[in-house]
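Residue numbering begins at 1 within each chain, and the chains themselves are lettered A, B and C in the order written.
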Amino acid sequence: MADEIQVKTAAYICSGCGLGDKLDIAQLSKIAQKEGKMALVRDHTFLCNSEGVQMINDDIEKEGVTHVCIAACSRRAKTEAFHFPTVALTRTNLREGVIWVVAEGSEHDEVRQEMADDYVRMGCAELKKVKLPQGKLNADLQKRILVVGGGMSGLTAASEAAEAGYEVVIVEKQAQLGGWANRLWKRVPFSGAYAEPQDTGVAELAAKVSAHPRIKVHLNSTVAETSGAPGRFIVKVAQESGAVTEEAIGAIVQATGFTTYDIARLPELGGGQANVIDQAGLEALAQTANGGVLKRADGKEIKSVVFLQCAGQRDETGKHLAYCSGHCCATSIKQAMYFKDANPETDTVVMYTDLRVPGMGEDFYRSAQNKGVIFTKGKASAVEASGDACKVNFRDLILDEDASLDADLVVLATGQVPSAGVDLDAWNKVVAEAEGGSDSAKQNKSEMQKTSILNLTYRQGPDMPQFRHGFADSHFICFPYETRRTGIYAAGPVRRPMDMLQATTDATGAALKAIQAVENASLGRAAHPRSGDLSYPMVRLEGCTQCKRCTVECPFGAIDEDERRFPVFNQERCRRCGTCMGACPVRVISFENYSVDTVGSQLKAVEIPDEFSEKPRVLILACENDAYPALDMAGLSRTVYSAFVRVIPVRCLGSVNTIWITDALNSGYDGVMMMGCKKGDDYQCHFVKGSELAGYRMGKIGDTLTQMGLEPERVSSFEVAITDNERVAKFINDYVAQLVEMGPSPMKGFG
Amino acid sequence: MTKKNYAFYPGCSSQKGASASNFPISIGVVCEKLGIQLNEIPDWNCCGASIGYGEGGLLPRLAISARNLALTEQHLPGQDLVSGCPACWLSTRETAEKLHESSQLMSETNEALKAVDLEFKGTVKARHIVEVLVEDIGFDEMKAPVVKPLEGLKIAGYVGCQTNRPFGIAGESFENPQYLDRMIETVGAEAASDFDQKVTCCGGALAFSEPEKSQKQIRDIVESAYDNGADMIVTPCQLCQANVEVYQSEINKKQGTKFAMPVVYYSQLLTVAYGGSLKQAGLNGHVIQPEKLRKIASGQK
Amino acid sequence: MNDFNRQAVAPYHNNFLREVEERVEDGEWVKMCMQCGVCAGSCPLGNAWQHTPQKLFMMIRAGKRDEVLTSDSMWMCTSCYNCIVRCPRKLPITHIMHGLAHYAHRLGMAPKGQPTREIAKLFWNNLAKTGRINELKFSLSMYFKDGFIQGIRNALAMRSIGIGLMKAKRLNPMELLGGHKCKDKDGFRKMIARAREIEERKLGKAS
C-alpha cells in the first residue's frame, strides 16, 4: 500500500528562536531545493505556531505532500505542534544542534553555516529514504492475562487485572492457592499502628480470586509450553494428572516466588540439628500452636529461643547467598512476638549484625522491644547441640567479647532463592554442546528443561534471562517491571528479594504492565522504550546468510528460527531497537523509517572539506535515549562544542551497523564517535544489551582500521548519561583536538 | 501597670549568706522594673538538686518537690511556681510531670504529704525565672527600662545545661540556644557569637567529687571565652556561676594558667543596665571582680 | 540494706533486665534502647565512664548484674541531660543512670569510697535534717569524710577559695551554729520517712 503512494517531499525551515539571526536561511532553502531535491521548500519565522503548522497541514492536504522535513529545533521539542501522523517526517536539528552549541561571534559564522547546511542536506537525504510506518493492527489479538503462580504476588496481580476488566488465567502448581502465605501463622502488619502481627489475609484473597467471574484457576498445574508473542501466546497448561489445556493468552505475569535457602547448607550454624530450624519451620510450629505456647517438634515447650539473622546471606566468602533478603529481620521480629504474645516469660533474643526494618518497620521493632524481645548485636560463630537444647557461641559486638547463649530452639533467618527457572547462560552452553553431538549434554539439556517454568519455545531459551543472583531480569534503572521478554513480566520475590507488602505493590505494577502490553499489541505498537512505534523489522530473506547473529543478539529473544534455519521475526515481541539491523552483516534487515539507508544517506550527504581546509569532520552516532538528549541539554545550557561534528541519532548503539563506520571512514570523516548508555552490571542501556553489543562489535574493527591505514583511535565509543550535558561537550572537544593532532584522515578525497 | 504575680522558689543557694546570695538582690531589682511580683513560697524546702538521687529514693524525692508544689497551691493559688535556680526548676517540673503521668505515684506521694498536712492536686506549673522573662515579658519589654546600655562590653553567653535541657526556653534549639545572647544584646553589649562552649557542662555537682574532670570542663569554658575576646561570662545558673568563677584559681595553680574571667548573672547585667547601684546588682559578691561592669554601675568611664 | 533475692542468673536471660525494670527508676525503658551510641558520644565526661550508658544497657540485657552494679560508671553523670535530648528512642537516660546508681547504693554494691556516692549521701542527709541545705556544714562534711587529718588538709587546700567566698558574703561561718531551716522541719522529716517506708514496702513486695 505504502509503495503505491505518490511521494512528494517538502522541507520547512524555521527562522524563529534566533535561527534567522544566526543563519542564512535563504542559503538553507537553496540547499534543500538544489541538493536535497525537495519538491517544495518553505521557510517561516515561527514554524511551530498555529500559522506555521497550518501552512504545513495545508500543503499536506492541498499540495499532496507525503514526506515532510522540518529544519528547526530538536526532534525532542515541540512534538505536539509538529504532529503530522499522516506523513513521513524527519526533523533536522538546527537549534539545539547548531546555533546553541557553536561558539558566539562572527568569526564562527562560517563554520556555523556549514554545520547548518550539512544538517539540511542530512534531513533531506533521510527524508527520501523513509516511509510512514503503517503498523499491523490486529483486533483479533488476545487480551487475556496469564498469571503463573498463585501466591500473594500472583493472586494480587490476578485480582487487580480482573478488577480492571481483563480475563485472567492462573496456573498454580500446588493443590490450593496461597503459596507461602498459607504457611504463615501471621504476617508483618501492612498498616498502622504497625505494632502487632496481622492475619495474612490470604484466605480472603484466594477466595476472592476463585470466585471472580473473570478469573480461571488451574490448580495442581504447571506451564508445559509457551509459544507465540504478546497478544498471541499459546500456553499449554499441564495438570499433574497429565491432562493438558491450551489457553490463548495476551500477556504473562510470572509470580513464581521463591524457595528458602537450604538450611542443611549451614551446619556451622546448626543446620541439620533437631532444634535448629528456619523461619519457615517456625511458622509451622506457630500454626500448630494456634495462639498457645509454641512447642518444639519433640513436644517440649519452648522457654528460650534465639533468632540468628543473616544466616547464609550477605556472605562474602561466596559459599552462600551474597545478598540480603530484605524481609527476614521483620520476620524474626514478628516470630519473636509469637512467643511473647503466648507467654511473656519466654526468653527471646534476636541476634543481628545490622537490623534492617525499613519504613514503618521501625515501629514494629519498637513494639517488639516493648514486649520484651531482646536485641543483641552479635555474630554467631557456631551452634552446638547441648544436651536437650542448643548453645549459640557468638561474638558480642557491643560488649566486644566472646559469649554464649543457651536456647531451647534456634531459628535461622535464611534467605530467599528465586524460582526463576532455567539460567539461559548455562542453557545455551549445554545446547551448543548437545548440538555438537555430546550425549551427556543432551541428557543435561532434558534435565534442565524439566526445571523450566515457562517452557518458552523461543530460540533463545525456555525461560526469562536472569540477572544477578538468579533473579528474573528487569530493567531496574529505567523501567523496573520491564523484562527482556516482551509481554512477560516478573512480579514479587522472583524479581528481587522482598517482603509481602512490597510483593503486593509489585504485582499490581506487573498487572498494569501486562494490560499495557496487550493493548499495545492489538494496536501494533511497541512498548517501552519506543512506546507507540508502529515500525517493525522487515527482512529480505533472499539475502539472508543464516548466520544467526540477529537471532542470538536480540536482547529480547524476539527472533526464532524456522525449520529451514531462517530467522522468524515476531513483531509483537520486538522492542524496535534495531539491534538485529546492527548485527546483520549482509544488511537485509530494516525498518520503514529507520534503516541502513536512512542513516547511511545522512552521513554521505555531509560535505567533507579537503585535508588542507583545517576543518575536520567527525561523525557522532548518538543513541536517542541518553546521548542525544544530553547533546540537546548541552545546547539548552549553551555549552559550546566543536562545530566540526555532525550528529546522527540512532535508536540504540546496538543498531549501529559497521557499514556506517566503514562508509564514514571511506567518505573521509576524520573520526567517528559512538555515544550510548552505560553497559555492564549497572547497565543503563535502555535496550539492556545494545550498548554492550556495540562495544563488542567495535572491538573487532581495530584490525580492519589498521588494514585501511587508519589509526584505531579514529573510531571511539563513549558512555553518556542523560545528565552529562557538560561532560559530553568535553568529550567532543577533547576528541576533536585529539583528531586534529593526529592529522586529517588519509581517506579524504577518495570518497 | 498591673503586676504579674508568681510564686517564687529561690532555692537553697540563694539563701542569705549562701553561695548565690548575690543573685536574689539583682533578680529582685529586675522584676521590680519589669512589673513582676515575686511571692516567696512560705516555708519552701530543698529540691534535692541533681545529686539527691544518691541517697534519696524516687518517692522521697518526689515528696519533697511535691511539698513545694502543694505549698504553692495552698498559699499562692493560681500562680506559677517560678524557680530562681535551674536545678530547682528541673526537680519541680519533673516531679509535677511524673505525678501527672502516674496516678499511682501521685497517690503514694500524697500519702507521704499527709505527714505535713498537704495534698498536691496537680494544678501548679513549674517554671524558671528566665522562662518568665523571655516568654511572658519578652525582649522588647526587657529593653524598655535600659538607661545605661553596657556599651563596649563583649560577653560570652554561657547557657550551660539545665535551663537548656531537657525543657529549653521558648522552644529554642538545644544545640545553639540564643536567648542569653539576645539578653546580652538587649542590655546594649556585644554577645560573643562564636562562643563554642555555650552549652558545655561545667561539671555540676561533680565539681566537689571529681574536681579534675570538672575543672577540665571549666578550663575549656573559660578558655573559649578568652579566645572569643569576651570581657566576662554571663550565666543563668547558680552552680555554674560558682564553679566557673571559684575554680579558676585552682586551675591557675595546677595548670599554670592566668585565668581571671569574671562570671556574672544575667540579672546583674540587667540591673546595671537599668541604672542599679553596685549593691543592687550584687556586684560586691564576687571572687573575681567584674571590673568593667562595676565601672559602668558606679558611673565611672 | 534490703535483702533482695539474688538468684543465679543465666547469661542473657531476662532476670536482671526484669529486676531493673521493676526496681530501678525509669528501668522499664532499658529494653527500648537501640544501641545507637549517641548517649555515649554526647556525654561530657564520656571517656571517664568505665562502661558508657549504651554499654550499660547492653550489659543489663546480658544479665551482667555484678558488673553493672559495682561499676562506678553511673556516678560519672553530671545531670547535663545531653543524652536525653539526643536519644532517638527518647530514653530518660539521666534518670536511669541515677536510678541504677541509687539502686546499687541501696544494695550496698556501689564502689566504696566512690566520691560522688559519698557526697550524694552527705547532701541528702544534710537537707533531710532541716529541709534546707546548710552549705557550710555540707562543705565541712565533705572535707572531713575521709577522716579528721584529711579533713584539715582538704580545708586548708581550699582556704583561699573559702576566704574569697567569705569576703563576698557567700560563705557564712555562722551556719555552723544552725543556719537556715524549714519551720516545719519535723513534718519534713516525717514526710521523708513516710515516703521511704512506702517505697521499701513496694520494693520488698516485688522481690
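FYI, contacts are C-beta pairs under 8 Å (C-beta built on N, C-alpha and C of every residue); 3 or more make two chains touch, one makes a residue touch a chain.
Bear in mind the structure is a predicted one, so any value in this text is a computation, not a measurement.
A.B. asks: Applying the document's contact definition, name the chain pair with more C-beta pairs in contact, A-C or B-C.
C.D. replies: More contacting C-beta pairs are found at B-C.
A.B. asks: Per-chain Cα mean versus the mean over all protein Cα atoms: which chain has them closest together?
C.D. replies: It is chain A that sits nearest the middle.
A.B. asks: For chain A and chain C, what's the span in angstrom between their mean Cα positions?
C.D. replies: 64
A.B. asks: Using CA atom averages as chain centres, what separation in Å is found between chain B and chain C?
C.D. replies: Measuring from centre to centre gives 23 Å for this pair.
A.B. asks: Touching at least two other chains at once: which residues of chain A meet that condition?
C.D. replies: none
A.B. asks: Residues of chain C touching 2+ other chains?
C.D. replies: Residues: none.
A.B. asks: By residue number and range, which residues of chain B touch two or more other chains?
C.D. replies: Within chain B, no residue touches at least two other chains.
A.B. asks: Inside the complex, what are the residues of chain B that reach chain C?
C.D. replies: Spelled out, the residues of chain B in touch with chain C are 12-13, 15-22, 43-46, 48-60, 62-64, 67, 87, 108-109, 111-117, 161-162, 165-166, 174, 200-201, 203-206, 208-210, 213-214, 217, 242, 246-247, 249-250, 284-287.
A.B. asks: Going by the contact rule set out above, which residues of chain A touch chain C in the complex?
C.D. replies: 304, 347, 349, 355, 365-366, 369-370, 372, 374-377, 396, 398-399, 403-406
A.B. asks: Using the touch rule from the top, collect the residues of chain C that touch chain A in their complex.
C.D. replies: Touch list, chain C to chain A: 10-14, 17, 31-32, 34-35, 54-55, 58-59, 61-62, 89.
A.B. asks: What residues on chain C touch chain B, complex-wise?
C.D. replies: 25, 44-45, 48, 76, 78-82, 84-86, 98-99, 101-102, 105-106, 115-121, 123-125, 127, 131-133, 135, 142, 160-161, 164-165, 167-172, 174-175, 180, 182-184, 187-188, 190-196, 198-199, 202
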